[in-house]
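Supplied in structure tokens, the structure appears directly below.
Which chain is which? They are A, B, C, D, E, F and G, in the order written, and residues in each are numbered from 1.
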Amino acid sequence: MSLLWLPFLPLAGALLVVMAGRLPNLREALSLVTAAVLAALTFSWYPAVTAGETPTVVLFDFLGSAQLAFSLEPLGLLFASVASGLWFVTTLYAAGYMRGNNEAHQTRFFTCFAIAICGAMGVALADNLLTLFLFYELLTLSTYPLVTHKGNAAARRGGRIYLGILLGTSIGLLLPAIVLTWVLTGTMRFEPGGILDGQVSQGMATLLYLMFAFGVGKAALMPFHKWLPAAMVAPTPVSALLHAVAVVKAGVFSILKITVYIFGLDFAAQGDITRPVMWVAAFTLIAASLIALTRDNLKERLAYSTVSQLAYITLGAALATSMSVMGGAMHILMHAFGKITLFFCAGAIYTAAHKTLVSELDGLGRAMPFTFGAFLIASLSIIGLPPLGGSWSKWYLMLGALDAEQAIMMAVFMISSLLNIAYLLPIPARAFLFKPPAGSPIGLREAPLASVVPLCLTATGCFCLFFLPGPLMALLSPWNDS
Amino acid sequence: MQTFLGLYNFWVVIVLMMIGFYIVIAHDNLVKKIIGLNIFQTAVFILYISAGKIQGGTAPILGEPGAVYSHPLPHVLILTAIVVGVATTALGLALIVRIHEAYGSNEEDDLLVLDRREDSP
Amino acid sequence: MRQHTLLRVCTRMLVPLILIFALYVQFHGDYGPGGGFQAGVIFAAGIVLYALVFGVEAARRAVPATWLRILSAGGVLLFAGTGVVSMLAGHNFLDYDALAGDPVAGQHIGIILVEFGVGMTVTGVILSFFYVFAGRGRRD
Amino acid sequence: MDVAAYYLSWLLLSAGGLLAVIGGIGTFRMPDLYTRMHAASVTDTGGMLLIMAGLLVQAGLSLVSFKLLLIVFFLLFTSPVATHALARAALHEGHKPRLGPGAGP
Amino acid sequence: MFAVAMFAVLVTMLLLLVRALVGPSVYDRILAINIFGTKTVLFIAVLGFLSGRPEFLDIALVYALINFIGTVAVLKFMEYGDLGWESASDREGDV
Amino acid sequence: MTAQLPALQILLPMLASALCVLLRSPAGAWLCFTLATWASFAVSVLLVLATRSGAILSYEMGGWEPPFGIELRIDALNAFVLLIVSGMAAVMAPFARSSVLAEIEQTRVYLFYALVLLCLTGLLGISITGDAFNLFVFLEISSLSSYAIIAMGPNRRALLAAFQYLIMGTVGGTFILIGIGLMYMLTGTLNMADLAERLPAMADSRTEKAALGFIVVGASIKLALFPLHAWLPNAYAYAPSLVSALLAATATKVAAYVLIRFIYTVFLPERAFDGLMLSELMMALAAIAMIAGSVVAIFQHNVKLLLAWSSIAQIGYIVLGAALVTTAGLAATTLHLLNHAVAKGCLFLALGVIVWKTGGARLSDLAGLGRTLPWVGAAFVIGALSLIGVPFTGGFITKWYLLVAVAEQELWLLAGAVVLSSLLSIIYMGRVIETLYFRAPSQGTTRSEPVPVLMLTSVWLLALLNVAIGSYSEPFAAIARTAAGQLLGGTP
Amino acid sequence: MKYTASLFANLLLVWLLLSGHYTVLITGLGLLSCALVCWLGLRMGLVDAESQPLRLITRLPLYWLWLTREMARSNLRVVTRIIGGPGAISPSLVSVPVSEKTALYQAIYANSITLTPGTVSVRVQADTIDVHALEDTAAEDLEQGEMHRRILQMKRSSERGAG
């Protein structure tokens, strides 16, 4: 099978969804089948990539000598797997959620969702900066209708911030950074070892790195993080897409990829090239966690948690050691599973109990044991406690900090983990340990099966990831020094 | 004599252009603007005439049978430019007539006030 | 100005002379400066004089506005059509050599046709403009 | 003959030029519109005719002289009409002439 | 020879131009411009002879024509405010 | 017949214009317009194919001396501009059918089409001629007819807008005429290739500079380069929809072509940019135009005005590339001629449909139309994305080339201006799109009939063209590079 | 028909005198042009006794001769007044009676008055012409009716020729 199937299968899926728009069952079935096939196709590349191959396809010359081209390397395969695998789960969940809440414009929803996956796959497989940028923007635009799905004033405002920040940073910083790279080096390809080494001065490299890091607005480095909480107005499956499946992951993945294949770890580690971004990431990490503590709205708290977790990955990239990069890459996967579970839970809570505030959840755990159980597992994974997947990535990140001799960053990771505990654990704790407030409706039950099954699946995933690091290590072996 | 003429023409051109341009800019009355425009264009015709003078070249009217149609170049240029100018003036006046019908005024200030009044309610 | 005896008498005598002069200029374009454009202006001027003295309505009766439309468009067609004919004959646009076996005669016919086209158009356009202008004050 | 024609046309042209200039001056010497018309008409009749006659003598009997005659004919035909129309319009609009002997400024 | 006549005509034209600028009434200006026009006709004719190009006579004739029509048009416009007006039988009994 | 293509390019619309007047029926005139524009598009395609590899076609009109004896001279740049002009007209022809009937008085429809065709004749003539004076004549033909068709706009403001345009346009045209006259005084020729050969030999470089100055100012007025832009917004905003779209897509492009042609082909860049700070001045004005135009656009309530102001900003991009005096810059400018034409054309046409439907182009008239007219709304969004410069639209392609060209010269401030202008365009286009989709429809009277398929065809052709160019721009980019090479290589 | 033929002949004469190129093509075009103008003239109602005064034309030269003499005299008179200054003039407005009511002859009379410097016809009415004169003497000359008499004479003789 050609590599081209990966980015363009979702597009075909989108087309099928549009055509089946009148028949909801068929529409969702098509969505699911496409997602399943895509995931299977993606996994099928695992052996080749693990064996060290880099399959490449050139579509055509896009801008003069710059090409629209795809290639599959380990980081890309990891991200592609996350996106395609979770697309399936999210589609399953969305089918239940959208019907359960009688949402309008369901066809549009599934169509845009599929296009967004196309964007994510394109980002994952991009062979050069230009291709990455093209699909990055496609991802932005296709998710805008999802963010503004409800169409009311709040959705409009959220959409405005979403589009404003993401387009603004990408056109204002990312594109100029790409142009600059092209002008300075004459290439835009992602090459092992990077392309900038020896071509640019350290000062220019520092500037470029800053431009890339902030230009990738999807990575939500402060102060360009506002779009993420603003996008909370969207339906829960969309939040899952944004926070776990595609959008933010595309952002941090881009930073990782740029660090590894444009700057090259050796070059990036020289001098102070990544230092400013490191500090910004560290600040974001702590600040977002602190803000999350103060938020009572469940989804908002989760959003700030995401900002903070993304900063882990960015920080991993900025540390520019093999360990930290591996940790960052793993965290893409681990956080994806954790966060998607949390959002599914939030959605399930909303569907079943119509609760959105943390303070309203007292005692709900008894009525919804599966949901809150999953919530607890996912929280622990994100905090980084064994025996859950999240512990691996945090471990490697800390090793990376140690490798880079950045003791302060080490401390930052630790403090942040404590803060994670402080804003995440109280939620399941209140649900299970506190008494329900007087006068609360009796007979509350779990959300419909279509909602509960996916969240159980992903929570199980968090668990399994801890015990199955082998394949992951094999995939990331280029950075596996230990 | 020729350089003198040339110089003279040059200054006349400059002065006429200034006057014309001033009228176009300074006057609110649309008709006066058109008049200013005409003066402005006349300056150019004079420039072209002096161009012809400097070149001194007026081609013969009746050439060899093979090249029957040969013009003294600058004259044709001036004529064409004048035609363009007349056409512009005619169109401008036609517009003024229609503006007067639609607004009841030829003063640009009045027209802008009327437009703004239309916007405000 | 119908009651303007002098103008009326003078105009009645002048107009045919002006028109024939216009046609003279039209068809002698290749022997002197002038040709279609001047001829068109003069021809139109003759009719404008008539309209000034006897009224635009009278002029419209004698030379209806429809004619002007046909005149101006037909002129362009004649002008461009002559060029197209020379193109069809394999020569460049407006290369009159194509119009007759003998190049000189070809040029001659070509110039006459093209100048006539120009004259028609100029007359038509000027008169159309005059009709529009002159008719306006009274209509509304 | 040629010499005679030369001097004749010289004389005619000079006289015509003189009349034209005097007429032009007259438009400044005369006190009001109507009297200025009289002065102007000197340039339009005498001046014009003499200059054209001078040119006619130069041209001899040819196409050119016919065209000159055509111009003369045309001017003689139209200029009184234009002057009359002007005077008529002025009077009609209430432009009063100054009358009486020595009606100076 | 022609130069003298041309010079005289030019001087006359200049005088008329000044009169046209001075006015004082509109009719003075129209008068001056009309006569200026006929002098232009003379000027073109003489110029044609001077430069040995009698084809200028055609231009002179055209100019005379335009001058006349222009004067008539201006007067008509002054009198009636537009050019299309036809019958003044109710306004003035000329005949 | 291929040898006759250059002449046909101008003749077709000219003959069709005359035919329109003769036919007089609205349907006949439209048919005439459509066939003529399609045919002339076909001609320009053939011309592009003939010149894209760097060949230069020359066509001498038989037996005539200048200014009627014109040399038509076509290189890659000419052919490309011809393609843009005739292509835009051809694409818009289906749209014209209903739009014109709705906006123009029945009895004047034939006249309208005739004038539009005349305007096209002028624009094509400007682009194809190799004679400087002839260029002026065509310029005035197109200008005069565009004043007239703008004045035919439905609102009485069209009259004043057309008048103001007439005043400015005539001043601009006259400046160009002065410049041409000065060059003629110096060299005694009007043929642009000849001029290019003879001007360098002229000792009197002051007159040459004056000529250059007059032509640059004149062309900048016609181009509406800041600060000579005042005529443009109203002229585009109050014209009939078809005219707004057509002029926005073609007229400014042709004016830019005039500027480039004179600077690069006639005066030759190394002389033109020597001493007058012309390059720096143009860059500065372009940068101001990009930002000021966008900022003003943000505050407009009439969407046509908004688009017109955005045009002023986009003109900044075009001039910026031309001012860089590099192959990359010129190629970017050449490409932007196309991409802006396609994007603006799409936007104005989509807006034209909305005007047809609701009778107005104010923001409030657009409220909620994204839902009721989904196809129109989607096309508008595509056009807007292209204007912003989002990937897979033509706008991205030019933004890329322009940024690369600016970065190559290390003009970081200008790069900043380009980026800032893009960001501002997100704001003003975002406003419109939000209104289209998220505002409750106003209670105004709208037409009940469905939008005619022909109108939608035009709109979507342009929308798809935006995406097509954005996805695969290489053929056009290749032409643009050839054109830039010819301009800089000094091949006149 | 008579007048149309006359107009055609006149036009052709003018054409031939102007043309100077007597080829078949040009002369043929001339004939066509004359026909075209005649046709237009008919449409405009320009072809009748007034615009084609067939008999009068033969009598005109004699009158012009006299008129030329009058013009010369009056030119000199006005020139002396211009040189003499405004003090020497005495403008007056007089009504000159006209016994002839045909427009053509009224026009000839009024134009003749205007052509002689020193007098300008300012209004033509049914049976009078108002004249502005530079001097009393000019007005008196006019009132004596020499010019009027000659025009009448010309008319009568042309009518006799017709009858």
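The working rule: a contact is a pair of C-beta atoms (placed from the backbone, for glycine too) under 8 Å apart; a residue touches a chain by one contact, two chains touch by 3 or more.
Quick caveat: nothing in here was measured; it's all calculated off a predicted structure.
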Partner chains that chain B and chain E have in common: C
Label of the chain whose CA centroid is most distant from the centroid of chain D: A
Chain at maximum distance from chain B, centres defined as averaged CA atoms: A
Averaged-CA centre spacing for the pair chain D and chain A, given as whole angstrom: 98
Cα-centroid distance, chain C relative to chain G, in whole angstrom: 30
Chain B and chain C, separation of their C-alpha mean positions in angstrom: 24
Length of the line joining the C-alpha centres of chain C and chain F, rounded to whole Å: 34
Touching two or more other chains - residue numbers and ranges from chain G: 14, 18, 20, 103, 106, 110-111, 121, 123-124
Per-residue multi-chain contacts in chain B, two or more chains: 61, 69, 71
Interface hub residues of chain F, defined as touching at least two other chains: 63-64
Chain F to chain B touching residues, read off their complex: 63-68, 133, 136-137, 140, 144, 147-148, 151, 156-157, 159-160, 162-163, 166-167, 170-171, 173-174, 177-178, 181-182, 184-185, 188
Chain G residues touching chain D - in the complex, by the definition given at the top: 14, 17-18, 20, 68, 71-72, 75, 78-79, 82-83, 85-93, 110-111, 114-123, 130, 132, 134, 136
Touching residues (chain side chain C, partner chain E) in the complex: 1-5, 7, 18, 21, 25, 32-34, 38, 41-42, 45, 48-49, 51-58, 130, 133-138
Chain E partner contacts - residues on chain D that touch it in the complex: 6, 9-10, 13-14, 16-18, 20-21, 23-25, 27-28, 33, 36-37, 40, 43-44, 47-48, 51-52, 54-55, 58-59, 64, 67-68, 70-71, 74-75, 78-79, 81-83, 85-86, 89-90, 92-93, 95
Of all residues in chain A, those that touch chain F in their complex: 60-64, 133-134, 137-138, 141, 148, 151, 155-156, 159-160, 163-164, 167-168, 171-172, 175-176, 179-180, 182-183
